[in-house]
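Naming follows writing order (A, B, C, D, E and F), and every chain is counted from residue 1.
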């Protein structure tokens, strides 16, 4: 068995690359609206950094605002799904799509919101191995099937969610969050978006 | 060989169901904002109908506005991609995901924008069988690979787009449109969203 | 939302190519037998054209006769399956295999025989989204599974057909039609067979 | 290492079942035409048995004649492909589809025609592991791709065959044989067709 | 129908290559330990040959001993699984992975141990087509699912084995044998390992 | 954007379950040999714990010794591959197979040996997103292809490794390590093996 050495300090040429490159595309930052400037400021203040996905969209203020509006409604607005539920969907979907950016950023959110660091790892690695409530398992089964084989979703799949206690409005929210990360995973993969390195150490317990 | 009879008038119990059911979810329409009411009015005036996807989102005005803002920016704003380019991506992506709603609605758009009805069918059925410019073929190859196996996209794929004449900004737009329909396909499939029947006969040439 | 313009007349260099090219193979037409000449004449008279698949096989009269004999028996002879049933299988199978020729030609047949144009689209796009009888759904589930994963068909699959009201003879016919289009799809895809352009506008309702 | 015992005589309840059951479908033999009676007689005389696939089709003389006509033209008529080439395609295609009937019957034919028993096993197990000429390898690569992903075949695939020395007529024959076994594999799997047990011991060298 | 000729004697340039090449890697045999020399001698005596997999590992005596120790324990030690059960798992797993070496060597073992030559072919070609006891079918279903989609194995899969009469210890053995051949299949495929030609004719009945 | 709270202490009913359950199988520990007792003692002393995989095998001392012998030779013996190379293969293979146990345990090893915590995450999530040397990339491409589609490995794949600087002996080692984790992943998934919780916090940097 290999004895784990204490981690050496990450070198400048880490496999994840440094924090100054956001994507593989050469796009110049545009002038942000006041609203977006305030939003970036709030991120900096609350999180200590601006998530790279926001910097990636910042080449075009209209696109940035549309992304932020949809993201914040989906992940933070009132819903029958808790914030943790939504982050778990985000990570389980991103695991199917093997999206580095989203797995790092939202894996950290699952660890933080749950206070259960292995839960974040389980969502990244294989949600089927987690000890979940029937409700959460049904939610993730639907989100993952919708990601991998959307053409096979039928009334019986919606009924499985209803039997697990979800309302029709909840089903919409599960679909919308799963759908959103199927979009974000692809924008991130298409552009080689790199997560802020600070996520790696967050909420490791 | 079967002689095609003239099509009989579609019965009330068509396989596509009638136009009064929008999705399989029981969600009540909410009160729309003035902006959205005006937008629905403009759709009715210009298209002769309100696309069902808008009615589906109308149970929550915030979600509707976020969807409309993102959609209109992606599909209609200035871009190195023509509107037809973007609709072709929409259909080729929806073909991978076998999304009935998006194939019907955006297949009609390809037929109309191109003035070449078989082009719409080709995007629905198999884009590889179409006679396309190298530029359009490269664009669709990227969008389809990003849809089917997003984890395999690498610098060589972006370089293939650059060699076909696309700028880095164009690459973002290809990714964003392909990503968006990967989201919409899943929301539509998850909710069994039904396209307005009027699309079927549009621009058949 | 994009306003659909009236379709412009298809240009000579349509994405589907013109009607003079049948396949990508340089094969000279052979001398047809009297029976086949008569058959081509009957097609011209009844349909107004000779289906391109027949022209494609016409480089060898023996192969043409064998194809016609098998095709006409399968699709037109007495059977517990209606002609529409058989055309629906043809299109659902061709959808799995994404065969442009067969989807265009047999999608038109489904529209014509059913008098329900959206049904043709549903078979092309995703048969699971159609409102079908249990009998038709069982039939297509079997045909599609047989197409995608023939090695997994077992007695339980045949029993599902029997429970849906099919006789053993009907099961043979479902298998034979599904099998036939798995052959035709591959001959068409291997040779880039192009459908007669007239199919596109047929029975659009 | 296990010492192989001499094979014990196969019991009446072998895993392959006995030779009296042809398929899982209860279909009564119909009256055969004189031509087909003669053909069955010729099989009995030359091979020592009537292949079960013929007995399976014998419930309907028209279907039997159509099958025999197509089969004999494809596998035995003059062609740029040798009979062994065609049997190798048959087995490589049947391997993708994991068709027990066709692998047993045509595996035996490859062993017999080649005089190289391991070649039959290689076609059944993994044609990529065989030592083949570039010509045969190109032929099988095309047939297997056409079987597994027919929608991806394009001009570059046909050109690879041309570069390997095949004419356009040969390409048709490769496609037609591969297509035919994609049909037969599915009819056999759908009906649980059982091969004559005599094939197992043939041409084992 | 093709008349099978008597198999001609295999030429020196058989598609399976001759018996002097073991793998595609240029690795020199190392000095074997006395234990391994004895073991090779015992193979020669009992089987008439040393299986090529042993010769392949013989470049490093430590690796050879580790392989032999694990192999002999798994396949020959006391277990709730018979030796035939274990060989059937070996072949069904190797069929999923299309491993030429293991299918040839262990297909021969199934033929020999069962005294039912077609059973060996069924394991190679498609175990679902075999007439098996419920116990053996459950065992192979588990092994094949574990091979193809290990991430989907859950308690319900283990319970299916328990219901079929297997103890938890038996489940371990099924998993360990299936796992072992997933390893061996890959070592064999990675190195193009060739089976001893003598296997082809063994126990053909 | 969600503000990550400090992780709350993991509750007793964590999604990963507690550390007293090793697998889902009820297997009693057997009496260990002196060698194995010493080995467990050395693990406890050096690592602070006995890895659960060893406890899982401890129901049978012969199996445990065979596993330990093979594991230690593969991962620790002299090789052209560094220990980090071998751990990177372990994790990239386990990512294809989505094996929770191996991803947790060997992900920690990659973090520790590299001193680059994000490298561990990259191997778990998508090795293609890592900044790797050409040599390491070629090594992982081979290991991952061998895992996902072992039947497609051919001489050209081995040549790609040779061009990247690997000897034939190194190719064996890459194959053997990749093969070993294809075995271990399946034993772990089949038995629901749970990693020691201590791994989660190791070498997070």
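One rule holds in what follows: contacts are C-beta pairs under 8 Å (C-beta built on N, C-alpha and C of every residue); 3 or more make two chains touch, one makes a residue touch a chain.
The shown structure was predicted, so the numbers you read here are calculated from the model rather than taken from an experiment.
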### Message
If you apply the touch rule, which chains end up adjacent to both subunit D and subunit E?
### Response
C, F
### Query
In terms of C-beta pairs in contact, which of A-F and B-D ranks higher?
A-F
### Task
Matching residue numbers in more than half of the contact pairs is the bar here; say which of A-F, B-F or C-E clears it relative to D-E.
A-F
### Task
State, to the nearest whole Å, the distance from the C-alpha centre of subunit C to the C-alpha centre of subunit F.
50
### Message
So the centre of each chain is just the mean of its C-alpha atoms; given that, what is the distance between subunit E and subunit F in Å?
### Response
25
### Query
Can you give the whole-Å distance between the Cα centres of subunit D and subunit F?
43
### Query
In subunit A, what residues contact two or more other chains?
98-99, 126, 151, 154, 192
### Task
Any two chains that touch count here, so list every such pair.
A-B, A-C, A-E, A-F, B-C, B-D, B-F, C-D, C-E, D-E, D-F, E-F
### Query
Within the complex, which stretch of subunit F touches subunit D?
151-152, 154
#### Entry: Complex contact set, residues of subunit F against subunit E
24-27, 59, 62-63, 65-67, 69-70, 73, 77, 97-99, 142, 146-147, 150-151, 153-155, 158, 168-169, 171-172, 174-176, 178-180, 182-187, 189-192
### Task
Within their complex, state which residues of subunit A touch subunit E.
126, 128
### Query
Can you list the subunit D residues touching subunit E in their complex?
1-11, 13-17, 43, 46-47, 51, 75-76, 83, 87, 95, 98-100, 103-104, 108-109, 111-119, 121-122, 124-126, 129-132, 192, 197, 200-205
